[in-house]
């Protein structure tokens, strides 16, 4: 069990706690002896570490990317905090609470998933019904889909974030779809539900949220297309044209090449999916950013990526 | 009354009809005599014209930018159609139906306006209620607001288009606003209603839709800010902070400098307004483009500005 | 059999010849009668056509996208040539020579393919050998791979162009791979051979070269990844890491998002594939452009896409 | 009165001095007790501070954005200087010299202003004369106009900078206007004088130079247009066309959308205003940068925003 | 001597006049016989031509890029005018007035040159005085410098345009240089005089203004650097540092890589040269564009490159 | 002789070693006394230094940009290492090994140069043979050419790097030139050999690699053109057209204006040179980056300029 989080650590503290061993690299001193450089993380941040003694045995007993129990003392080195680690060993799976190491959605995952399934059941086209039966019946898929984050940073970057983002978009789509005639509700809703499924493999999120090898090399868009193709193969006589339009919604949902979509949206449903995705990502991203800081200040700090401060205003209306 | 529209004219036709005299320039032949080059338009397009005889009297009796009755014969010159005009004179106001010369919304303008006013009445903040009373009580404003287009091309580029676009966005805003906690409904709705009011002066739309001098020189964003400032001045003790947030929504609704907004959205309501505006403009733009062409074709022609064909698909679900 | 090509047609000609009926749309005259607007193409260009008589029977007997035998007379209308079509009917498959309608590589397709297979046989990694056995053993694949173009315009835009481009790159890769230590020859060569396989479905090329529905909606990169995934599934215990690196080479071979690759090259072999692809595309594109025009002129005409004239120089050395 | 400036402070110093309390945020220690994080600034830079004792009373007696008298000791924490503050209280207005906290023009403000007024009096068009009478007769305006900076960084970023920049441009305009025939001197000069007036509200500059709420939300261009509109309203029968051209010069003076102007310059005077503004901003920006560093070095340090070193050269001619 | 200019030619005219034979390419008819395609130009535009008879002898007696006397008849072909040429032969040098074929400055070339030389004589640094003595003493240089255009399109695109542009900038520099302390007048003026000298070789302008081979391959910036280096070599002990700063002004005068300068301005004089060049090019470009059209219209036509209409306004002040 | 390299220095070390004195600036303490701020570098990095005592004599005896022998003690100041220097004096030329201060190619410089000369001797065009005789016969040129780096960072940023890069490209060109018909081997090879010769003056590389004044002000492209022009002047009747094409290859080898080439490649040989240069720079840049880090890690650290991690993979084939 975790006692102290990294954001609370101060120079001079004595530590005895769990962390993810994010990086571990061997180096050698001028006298030829070896030492270990570490990066330790939990859900509040990261801190550097160093091992001077028992280097061989400590290194051979710990794997990077796993949770370790660390004992040590906190000092400063070249302007940043550094833990001088005395002991470090692997923590048994059973003693780990992933929520210590990764942020988790504040909403109920099972209830969100039930609501999403219910929305998918309002789809009337039979082959699309079959498609969602195939997805929801795939336990390995569902298990990962319920836990995956929607991003590493920016918005919904927490366990359950993908589900939360997908559900939010599905509810929006449901509200909006009737507003414009000529939009196929079943196609739009299916596209919303599936547009980001590739993210369950794009990220790893066992004890910390990061890109997986497949995520960095192949990207969630191409992963998603393959996942949909695989499920469609299992459904007899799934219409070719419908399969293309579904994959197209995955391919084009970022809106343009510059934003990572090899093709721009070319159907009215793909245009709408792109709009709903942008709306949910942007608004949620700004809300998360504004919520992180003192709500009493009129202006937030500077948002580096978006290039601006945000304004909370005086309580207005 | 109009008989034939420009899109139907063929070489060899004899014409006797009303057109907008969009351009009229004097030129001279090698023998020193003068002639007139014309551009005639109606709601379906434009055609070139030339006057060889009675140049002086015809020119002195007609003003460009007005509706004229033309008699002439249609030929070809250098690969385009050209009307050799025999007679041309001004048409009295009473004989003009503006709908012959500019496209008009297919929806009922008065009913749209009533619905918009009703939505504005759901606002609870008293100074904002006062603000809309000021706008709706200004008959010159209302008269122009009900007729203005939302654009010269692209989307809602017709009489009543601004009202249709604003109403569509207001309904969307009303549906969506409850989806995200922490968004001020009164502020969002007010921003939606006012974000494009500057367009009533940015365009001229008496007999053809074009930019006005003020539109080209000052732009609907700066015009809108002045219009709001003027109305706010008429309301006793309108809160300074609320005035800034309203103007900010007008200033930032295009989303970025590249798209014409001097400042990007910095409040959650401004971010949301920008999303709703983009959604309505894009979807309506694509729908209008797809509707213009043969619905039996799977693909539309190439959309030059958006750089793609759009796909209608086989009837899917 | 074809007699005259479109580039040779002049106003006043009488036509009796085969063309691809690229477009056929019904329109109606002011008197309410119908007529057909056509676009006819062959490998040298396109020409407009119109059918005034027997509209119903001619339209019902012909399908757009197919080869038709046309009888008619050539005139001018609004500055372009136009065929007034008297008769038009479908041409039996047996009487069609695709080379009349699409440009074809000047090199021997079978010999190119043998050389490509031979290069693939120099690969030593056994699972990659298995992969190419799977591809070359798929007759439907090979048949399309030997005919597909590499592009619609720009470079290798002809039947056999994909094979010619792939072979040229494979020979280059073979020459260069030893120049830099640390590059895996088997991986590089496999990536070269497979990087564009998705193009066999991205284009249609029965009687004219154009994008297919799948090409426009899904794009050759995502198609290629699916094709490779499908073949890999058929090979027992294909290493996961190798599969990712192969797909990554397909995903990243355009080099950047702006150029259509969702991920940039992240392995040394992917960087090299991108360089070889750019080199072959650019040099061949420039060579084709320079070859199209009078070799006696020092400067070519202006290349619109590349934004420059090219210089042939005086015969120098 | 100030003794020591922040740029001179060293670890180990004991401080008793005035600073602007730029930021003040409450935080709590692991033991639950509160402390204050501060940022203190003066005209030479900023330094962090922390209050461990008497947190409640110190916090309640000081407001951020105001000048405070600080007693404390300077140490280092995580690689930067930090003042451990023992006492901190507000400084009475009378004891504050703003020049301690913000940089101030080296030139005489009153003399610059007289020269500017004299230039405005050389304008001959009567309604423009009236306009400047209205501005110069507005004491609140004049008082702020004489103190406002022209920027937060980059160039003329000091008290009096707006006046200095405007005067410099007016003198340049006066020199150049006769060089090109067809330029209206009165219009150009009026545009130069008014182009940046919105900056008197875009910035706050009581004890430190920063953006105001209105500056961040509405931007000096839209503020300036409103200020000019307000003054024009007070002048009977100010010509509509002239008002548009004046506002257009304000709207377009940054030259393009990317640089913040909703419309590009569309009159010859607006084009010229844009050129003169760029020339004065760039040259003055480079001169200020070159002057900040050791004039004996041939090369300046790297200018991050402009992406280059500047060269002073050996004394040449 | 020329009678008629191309802008005045109409279908049906009989021609007997001088033109520049800009292009001449041999083609063959279906019957195997040859014909010539021509492009004829004069200072008002260009027109297509065709030679059906005496093709061999006409072709062998005429060179493209030279002035020819043409006899023929004007018709239309595919929507553009076309001269059917009966006779065409070279015009002796003596019978050619270059001003018929290229636009020429409206100002007195010799008087402009004298004024420029006088300005150069106000330079006090002796080695720079020597440099200008070397340039002005080079008769081949002076002869070309007095005739060269400053551009092919956009601004000063006429014989004498380079001289006019350089003189205008030199006068501006002279007016402005004292406005900013710390600017070396001799260096600034020398940079202004020499910044575009490479254009005397970048363009050809014997009978029509076009890029030369050297212009297209090497570019006026690199040509100018070579010309200056060559003259500097002829001056004993020209200071190395001064030579670098002069060349730097040539290299950097376009301001950025995107605009064609390999290095951005890095001295205060280079920054100033860039500003003066932009000011003169932009203002003169806009003035020429506005002067080309009917001064009675409030708005010009659309300026394609600058992306806007320009406003002349009602006569204001 | 050097003992310790900067990358190995730790707080607490006592130093007695050689460094390049990269920067030396005088400052003064609050008490009015002077001290020196230093930057010391060697081939592994840089470290800050300060001199408190004997400031005058130490400063007068040492020049920045030269190698000095330093005695001092290493501490930390504001989060970085700092040497408190007790003694510092110039090192005689004879005691300096440049390889201590700058990275050096791992390959044999003389053998590389011989191979390059041999390749140049395979050129058959006599005037090009003469040109290379002129270059190789210029001892000052050869001496600098063999030592110059190809860059300050990124790729081949070490002594001998220019030669290594040029040779690598020449070998590639030799392999590839026969692959495309119509490419002039002599021209391509000459362009490859000369494309970067300007770098011998763009950089200074006596004791550390940095840009020279000429490099920053004039740039290697314009320097290279001047060097080639100078050598060509020495060869009787060198063909003008060939000279232009050679210079064009230097001018255009970066491929586009954005990348620093004033003109894009306009000959087939220039296109090919640009491709070969990009290939060698990119692949070598990635290889150097991947080699710098632990080869046991699957992913490299983040490459800031290229915006990605690189993947080494599991040993694959």
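The chains carry the letters A, B, C, D, E and F, assigned in the order they are written, with residues numbered from 1 in each.
As a working rule, contacts are C-beta pairs under 8 Å (C-beta built on N, C-alpha and C of every residue); 3 or more make two chains touch, one makes a residue touch a chain.
Quick caveat, the model's predicted, so the values are computed rather than measured.
Hey, what chains does subunit A share as contacts with subunit C?
Where subunit A and subunit C share a partner, that partner set is B, F.
Note the shortest touch-path length, in steps, from subunit A to subunit E.
2
Of all the other chains, whose mean CA position lies farthest from subunit D?
Centre of mass proxy via C-alpha means gives C as farthest from subunit D.
So if I superpose subunit B on subunit C by CA, what angle comes out, to the nearest 5°?
Between subunit B and subunit C the superposing rotation measures out at 120 degrees.
Farthest chain from subunit A, going by mean C-alpha coordinates, please.
That would be chain E.
Rounded to the nearest whole Å, what is the centre-to-centre distance of subunit C and subunit D, using the mean of the C-alpha atoms as each centre?
A distance of 59 Å separates the two centres.
Round to the nearest whole Å and give the separation of the Cα centres of subunit C and subunit F.
43
For subunit B versus subunit D, what separation do you get between their C-alpha means, in angstrom?
40
Subunit D: which residues touch two or more other chains?
Expected reply: 78-80, 213, 216-217, 241, 245, 248, 266, 309, 311.
Could you draw the chains as nodes, link the ones that touch, and say if you get a line, ring, star, complete or other?
Shape = other; not a path, cycle, star or full graph.
Name the touching chain pairs, please: which are they?
A-B, A-C, A-D, A-F, B-C, B-D, B-E, C-E, C-F, D-E, D-F, E-F
Using the touch definition from the top, list the residues of subunit D that touch subunit B in their complex.
Residues in contact with subunit B: 213-214, 216-219, 221-222, 225-226, 229, 241, 244-245, 247-248, 251, 257-263, 266.
With touch defined as at the start, can you tell me which subunit C residues reach subunit E in the complex?
Listed in rising order, the residues of subunit C that touch subunit E are 8, 76, 78-81, 294, 298-299, 309, 311.
Going by the contact rule at the top, pick out the subunit F residues touching subunit C in the complex.
Subunit F reaches subunit C through residues 124-125, 128, 168, 171-172, 175-176, 179-180, 182, 184, 186-187, 239, 241-242, 245, 248, 264, 266-268, 271-272, 275-276, 278-279, 282-284, 286-287, 290, 306-314, 316-317.
How about subunit E: which of its residues touch subunit C in the complex?
Listed in rising order, the residues are 25, 30, 78-80, 213, 216-217.
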